[in-house]
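So that you can tell them apart, the chains are marked A, B, C and D in the order they are listed, and the count of residues begins at 1 in each.
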Amino acid sequence: MTSGFPATADAARAPVPKLEMRGITKRYPGVTANDHIDLDLQPGEIHALLGENGAGKTTLMNILYGLAVPDEGQILIDGTPVRIAGPSDAIARGIEMVHQHFMLIPVLSVAENVVLGAETMANPIFLDLREASRRIRKLAGKFGFELDPDAKVQSLSVGQQQRVEILKMLYRDAQILVLDEPTAVLTPSETEEIFVLLRNLAKDGRSIIFISHKLQEVLEIADRITVIRRGRVIGERIPAKTNAKELAELMVGRAVLLTIDRGQSHPTDVRLKVEGLRVRDDRGGEVVRGVDLEIRGGEILGIAGVAGNGQDELVEALVGLRKVASGRVSLAGRDVTGASPRTINEANVGYVPGDRQRFGLILPFPLTDNLVLTSYYKPPFAHGLIRDEGAILAAARDRIREYDVRTPSPLVPAQTLSGGNQQKLIVAREFVGDTTLLVLDQPTRGLDVGSIEFIHKRIIEKRNVGAAVLLVSAELDEVMELSDRIAVMYRGKLVAFLDGRTADKYQVGLLMATGEGGSGVADATGSAS
Amino acid sequence: MDALLHALNGIPVLGLVFQFVEYFITSLPFTAHVAVQLAVPICLAALCGVMCERSGVVNIGLEGIMLTCAFTGWFAGAVVTGVLGPGTPTPIFGFTVPLLLALVAAILAGMLLSLLHAWLSISVRADQIISGAIINIAAIGLTGYMNTLLSTQTLAATSNFSALRIPAAVAGFPVVGWLINALFGQGPIGIATVLIVIIFQILLFRSRWGLRTRSVGEHPRAAETVGIDVIRLRYRNVVMSGALAALGGAYLSMEATNAFQAGMTQGRGFIGLAAMIVGRWTPVGAFGAALLFASSQAISQSISVSPPPGDLGTLLSHVPTQFFDALPYLITIVVLAGLIGRSIAPAADGRPYQRESAS
Amino acid sequence: MSRPSEGRSPVASIVSSVWSLIAVPLLAVLMALVVGAVVIVLSSVLVLKNPFDPTLPLTAYSALALGAFGSYDSVVSTLVLTTPLLLAGLGVGIGFRAGLFNIGAQGQFLMGAVGSVAVAVWFAHTPAVIAIIAALLGGMIAGAAWGFVPGLLKATSGAHEVVTTIMMNYIALAVLAWIVIGPLRQPGSVSPATPSVGVAALPIVLDRSGHIGIFIAFLAVPIAWFLLFRTTRGFEIRAVGANPDAARYAGVKPRRLIVLTMSIAGMLAGLAGATTILGVTHQMNTTFSTSVGFDSITVALLGRSNPIGVMVAALLFGAMRAGAGPMQINAGIPVELVDFIQALILLFLIANVALRRLLRLRGVSGAEQTGFETITRSYGGETTG
Amino acid sequence: MVLANLPRVAAISLVAVAIAACGPSSSGTATSKWKIALMSATGTLLDHNFSQYSWEGAKKGAADIGAKDPATVVPKDSTDYDKDIQTFVDAGYNLIVTVAFDEGTATTKAAKKNPNVTFIGVDQSPICVDEQGNADSTFACKGDASKLLPNYSSLWFEEDQPGYLVGMVAASISKTGVVAGVGGINVIPPVVRYLQGFELGAKSINPNIKVETSYVTTSDFTKAFNDPVAGKVLGAQLISQTHADVLFQVAGKTGNGVLDAACAANVFAIGVDVDQYLSYPNADPCIVTSAEKHLSNAVEAAIKSVNAGTQKPGDSLFNAANNGIGISPFHGKDNLISADLQAKLAAALKGMKDGSLKTCPAKCGQA
């Protein structure tokens, strides 16, 4: 097959596209996820699909991959209409996908995960895992990374797991590759490696759909960019003939302020002091390896870092959900090392968990119960052992109004709410009252722009009334925009503290990637300036 | 109580331990054979559970499937014998035409009942515990009902599978003779169980089917994204697993005895469920757990049948006999709580899989 | 859990919510009876080779209905049989709510029975009121102890309660036999039996057999409901069952709660045993047999772990048990048919939800399904966190 | 659509049920004034054993006196006894047979409460009542049941006598010098009596013989009589571990498994209660004989004498003297039975009849 970069969009419109999606429409109750979307993909092309969370990118790709059935529309491969009723149909036609949430089975080995569904067989019954391992090693070697095929996936870092996902595609020799937000969990350098890999694959004649909402990345990697918003195709651009600002406007639908005004911080007393904190993960490995930090009232400390560097464990230890192996945590001067979640909560600590459906909400319970999840046992919501349903309902109505949670009633189960409203529900619970410290773990993950803006505004407000805020986010932009100070977490340690207003994004990226970087790294003790 | 204390005071503990070890070894040839017999139906039930739950479908209906199949096998045998005559048993295993047809009927019944469970838990996405409970209650009800009705009729007597007779020379062979006798001095279902355990274990961890089964039990969506038809695989496995529990039921009414009794499973399906958990959802583990349970039962029985001599016997004679009834259950608890602890079910166990995502 | 809908007239919303609550179960019962009728006719023709008699099921069901509700006597008999099912069913249901699959109601029931006898014998010379209260408490404590052990094992070592409670059932049998044969044996009893419970016997207040245990059981329904839905402890129980991680964050100590919940479940099953001994048999012997513990699991499932639902389910089962004997006596239908019909009811109940879902009929809400989801989680899921 | 019709179908059937419930109940055409009913042992009527033969006796008795076939009920568990008897009484049955040791208390209570109903209990002796005729849970048994409860008689058997006879057979056909008796559970006096007689009988032939007595369980009542697999496994272990070559089962359906074990190991087996050569043909190859109590005859006779007004209240003992017990025919295994043994058996039977031979130890019926 002839290959090469199509120089322009016109050149990309070869007579027979590798893949063509025509008029794809998908409706869910109350929402049209895809509204007559057209998309084509040329051989050897990297085609970016740009859109906000919830714009319908993932739905479109699920349709392509047979995980969802379109209500209307047609899919053509090499000019021939095809019916894709399930992933096996897609795979049979050379389509492979890396999903936003990894589709890996933690208890199985790397080799088992890679061969699953396309097993290398020793005979008609038994697997040939040795041969599979050999081929995996070879493939990995070819693209310059190492992976132990016998390692259990659950023991791998997130970055390594991403590689397993890509190996799965390579192992199947896919011709159409779909990557859904593949860089969300990667460091800039890992991202760069993946980009090199993708370009090589494209050169090899493979066609790639690259889904993202990160403008810079899309501009860097794509040959062609299709922007979708609210289920519709808004426009198509060539990177050379557009810029981030234009794309952002296409994506969001209005001119956006790429930065919000966070105002000045006025640090007060030390609210949280962490000394030499060490924490183990579920498997017993020490993932927080000596963290020292201090946060004062009225300031936001953002922790930047690639997911899986111990941030989740650090946060869980701070709010009492995880045992502290050693070290000291004190809140406003009071030692709370190893205290229970309730003790910490009662010290006016608010917590927005990274996994809202796991720690944040009890989905089958009504909003009322979820809003009093941490205060159900004390007045006014309970007197002794007896709950006061009236007080709970009244408070719930207030908070739902105040935090603009869209719901038909405070008594519906939390699972009936959209993701954004679920997150607002948590915020409504955790931001209420006189907060000493707010611990925010990925507070806007997976939310639409409106919700993100709303939550960011509330965070700034809380800081302005004197709360200390610890913000952990895998979105470097979010950390950069909100933080008064930035700490970079790398392999269980805070490797640098930077000023939030002067920090350079590329320097932070380098620190995230390598744990060391450029000059100007501030003192690593973590004390507030 | 005083006597017990007295006995305890008078005897050096170490001596007792030696005596027990000696007794254990001398009675091993007898207890091992019995233990395998007791373990077979429990193990088959547990294997059914392993196959279901490895695919992500909880099955607490083991007891009911066994009971139904015990009934079906026995009844079908009687009907076929009535039509075709009893037939001549083969010298080894005592196969007859009616008996084999009855076995087929029992297995079909097991698969049919499992199909119901599969439909309820996979297609209907009903609560799998409730579905299993339905099977248990329905089985107790329907077999009891039919048994009562049928016992006013005179049914043709059927033979049952007979055990392989290990020649005394082999059975008496030093060191391993007892083991050969224990494992292979069994009927066809008993021997098949040992083989099934080994084959199942190898297939589960070495074959394509096994890999896919484990993947749909752990993370069905991931399995689906690599082109595995989760629904079909779950259906196939649950229905197949019915054949295993069916063998367990057939063992009771067609190999261990040749008659059906209302409620003759006597909780073996539930013990099988426990064996599956204690065995951590692996075939060999389940067999081991079933064997552990059965051995402690066999040793308890051995102590009552042929009490050890000497001080140990004196001591044991002061222990209430009920203690020995409870011993297998106590040992299971101790092993689970003390040695195994938390056993973790396949991650998607009991979660119905819905193909099309909602968002 | 019903879900108040806002913006409709209260009467209309009550009627519609009551209807949506009972329509499916009612349909399930009727369909089960129809299938049961088919089985009756078919089996009588095929197995007994009787002439085809389409009225046989009607004869059977009318005998069943008369036996359960035909007279004051039979209504009382239904209530007496409902009592232990209701109490034990509430216990199992509360366990389900906390994500615990307690198969051990049987053992807890037996230990409750033994415990109440032991205390009754001990309190033989006290005034009846004291003896009764003490004996009931004795049964509750013994049952609670039998639930406490699997709870403790789960909390400390993570041992799966499905295994431990099954084992505890059998151990209860052995303990019961030992106590009746040994320490509690009435001298002179040819077959080992305990002395009579004497003054601790529950007063008969309804007809010939309606002991006050009936009222205790029905009183337990609002108490259990209140505990689950109106107290903070109940909130914690439900929270641990629905999402153990979030519950832990909410400040609940899951381990402690598991032990507490298992103890409460055991206490209720133990109370069921106590009322049976003190109200019905008045004495325990080694041949005492029962299936209440296992039936109560079905009752809890059918009642979806909601105390009110459990009450309805227990009444249904109690009525069927009361009617089963008369059905066999008057229509010659083996009592086991009742088990089969109970299974069918459950089957149609869950298949009905499916049929409605397939046909997109209204009345299946998210809330309706979650009652079931919690139960399954109780099996595979991790509760200790 | 099928589903759409379901509510209607269901509604129609409900109405039909309601109509039927209001209709007249069928009335018998039999001439006798007796309406006979039978409550079996827990769980099963047709056990090829105890309950079944009582039932057959009751059927024969009913036919003899021109009454309708007896109605039956199988209690689901032991808390059902009172209720089920009451159901019979309420339905107008006036001659009620209850079949099991542990139904005695419930029968006593019912007899006291319903003086116009006649009760026949099988295996419920001694009837233990206090001075008022109430069931006496203290077992002081101060009252005279035959006077206080004239409407209740309990048929009981000296099981030790047939046990003794088969014990003699066992001892004489044993080659290893070890014989075994397997009881279901050690708390049922009739079970224990059988085995006590068995041991004495065996020892009377060969004082050095080893008699192994085992119980399937000491706690689990359903396992004791309802688990043939457990019986078979226990039997097999007895044979292999103690070298017993004659097995006597006293464990109902569990015991049938014991018979199977004997057959499988090519040793002899002895049945119980009825001629198990006839009732359990599976084990015909190895059944030598059975220890019988003539249940069917006893129940039939009792019904006839109730009808004739000659049935004596209270404990009604069946033993060798009134031909209430016996030993089954050898069914083609007569060659095993020497003339010497024949003579000894005859002598023993004679001794039982005239009371000169004691077949039960002091603590008769207690293990």
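The rule is short, and it goes like this: contacts are C-beta pairs under 8 Å (C-beta built on N, C-alpha and C of every residue); 3 or more make two chains touch, one makes a residue touch a chain.
All values reported here derive from a predicted model rather than from experimental measurement.
The interface with the greater number of C-beta contacts, when A-B is set against B-C, is B-C. Measuring from the averaged C-alpha position of chain A to that of chain C gives a distance of 47 Å.
For the pair chain B and chain C, the distance between C-alpha centroids works out to 28 Å.
Averaged C-alpha coordinates give centres for chain B and chain D that are 32 Å from one another. The set of chain C residues touching two or more other chains comprises 170, 173-174, 177-178, 181, 334, 373. Residues of chain D found to touch two or more other chains are 74, 218-220, 222. The set of chain A residues that touch two or more partner chains is empty.
This structure has the following touching chain pairs: A-B, A-C, B-C, B-D, C-D.
Within the complex formed with chain A, the residues of chain B that make contact are 203, 206-209, 211-212, 214-215, 218-219, 221-229, 347, 355-359.
Chain A meets chain C in the complex at residues 319, 321, 340-342, 345, 351, 353, 358-365, 369, 373-374, 376-377, 382, 385-387, 389, 408-409, 411-413, 415-416. Residues of chain C touching chain B in their complex: 39, 43-44, 47-48, 101, 103, 153, 156-160, 162-164, 166-168, 170-171, 173-175, 177-178, 181-182, 297-298, 301, 334, 336-344, 346-347, 350-351, 353-354, 372-373, 375-382, 384. The part of chain B that touches chain D in the complex is made up of residues 27, 29-31, 33-34, 37-38, 41, 147-148, 151-152, 157, 162-163, 252, 256-259, 261-264, 266, 298, 301-302, 304-306, 321-322, 324-326.
Contact residues of chain C toward chain A in the complex are 3-6, 230-233, 235, 238-239, 242-243, 245-251, 253, 366-367, 370, 373-374.
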